[in-house]
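Two complexes come next, and they have one chain in common, chain A, joined by chain B in the first and chain C in the second.
The block that comes next holds the complex of A and B.
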């Protein structure tokens, strides 16, 4: 197996077909079939010299910002900027589809902002980008999700000069 | 269900698929639970009107006359969750 074909095999594993099958059982017809696939970019420098941002589907947002639209039947295709120096008490969760009781007690279990601040403080992470980003995962229009939310998010991440983006589904 | 699936259902007049989608949304993927949730919201709304309390009909009529149908549809979904939450029987994992 060549190095290139090995990379292709590794990339295919990231599609997590088992996860999609589970989602499809709960919401029939929601299976998204992708014919194209963009491989993850390789990191160009050590984490200790990198600027890191965090992107989450947890529905975490600064208190006072417009709540995520959790009732809309087709979803919410917006995201919120969460200042990376926020305290947990600055944040709240608007999300209907996952249990939030644990996160209400300690938001780090779903949005590990204090852990990332600590890793930056001890030098494991070079620096944190000014903002982290959050949205909700209940989005039925795959096209709009990809063309609007994903591209807007990528642009926002790029605009802050992040070298690394930590992605975490809720 | 993907948006494409729903649009095809609209084009084909497949109302069963459309209402099934609503039930799945309200029941977090459980159709039977979603049907109960719809009933729960209507029961809660009905209970509030049994004593014929004074209500702001001017607001209601102005809202219906002045707001576009999509906004009213969006409000309809909000009202569902409002009355479900008010009933005190919350089945969802998270909060609105």
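The block that comes next holds the complex of A and C.
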């Protein structure tokens, strides 16, 4: 078995088949299911000349900013700006819905701010947008999420002139 | 979220650990890593792995041809954890 086909096997084993249907049954409308694809936007520049932003659902936020409401029954539909020149010690995580055991020791496993700063420093990435963005993934009203948070955040990303966006849905 | 950004003309790529969710949402581009939730970029202090996952995702962004493509990245969680442990041991020896 080649290394690649072995990995595909591993991936299949990790699929949680049927979970999606179960969640949607218990909390109708909480999960987004799309049947269409959005048109691909074209990269205008090579990565080494592009301004990159990073968007995370990990609940990472600068110390001192209003903590995400992690216990609200329908979720928190706000986002926080994380200055892209922040140090890990400037940041904290407010989110209960994913294991933060790794991130508490090294925040780069979920919010790789130092790695992105290094890639920019060596010129592989042109520049980092002034801010990265973060919110929490616990939002039970999918329609409201699309109408408010998704649009607000996309507007903020666009306003900073980003050419490329990297996302990590926790 | 990703769709909203892409619709504004900004190319996007996401890194996912939940393939079923990603398949339902149909983002424009995604790479899948078979890692634990909350550990999209690997394990603590494994800088090289964290860096390579970012670059894998960004390279995929530049080469995607049709919307909705999901690429399986050839990483392995057990191996990542072993390498992470070794790195931490070396780190402890030095300090």
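General observations
Going forward, the second predicted complex is superposed on the first by the 134 of 170 C-alpha atoms of A that agree within 3 Å, B and C clash if a C-alpha of one lies under 4 Å from a C-alpha of the other, contacts with A are read in each partner's own complex, and residues count from 1 in each chain.
Everything below uses one rule, namely that a residue touches a chain if its C-beta (ideal position, glycine included) is under 8 Å from a C-beta of that chain, and two chains touch if they have at least 3 such contacts.
From a predicted model like this one, the values you see are computed outputs, not experimental measurements.
Look at A:72: by the touch rule set out above, it reaches chain B but stays clear of chain C.
In the superposed pair of complexes, A:141 makes contact with chain B only, with no contact to chain C. After overlaying the two complexes on the shared chain, residue contacts for A:100 are found with chain B and with chain C alike. After overlaying the two complexes on the shared chain, residue contacts for A:164 are found with chain C alone; chain B is out of touch.
For chain A, the partner that touches more of its residues is C, with chain B and chain C as the two candidates. Of the two partner chains placed around the shared chain by superposition, neither chain B nor chain C is touched by A:64. Comparing the two complexes, residues 31-32, 98-100 of chain A contact chain B in one case and chain C in the other.
On the side of chain C, the complex with chain A involves touching residues 1-16, 18-22, 24-29, 32, 34, 36-45, 47, 50-51, 54-55, 57-58, 61-62, 64, 66-68, 72, 74-77. Taken together, the chain A residues at the contact with chain C in this complex read 3-4, 7-8, 10-11, 14-17, 19-20, 31-43, 47, 52, 55, 57-58, 98-103, 105-106, 108-110, 112, 115-116, 118-119, 124-125, 146, 149-151, 153-155, 157-158, 162-170.
By the touch criterion stated above, chain B contacts chain A in their complex at residues 1-3, 5-6, 21-22, 24-25, 28-29, 74, 77-78, 80-81, 92-96. Across the complex, chain B is touched by residues 26-32, 59, 67, 70-74, 93-100, 140-144 of chain A.
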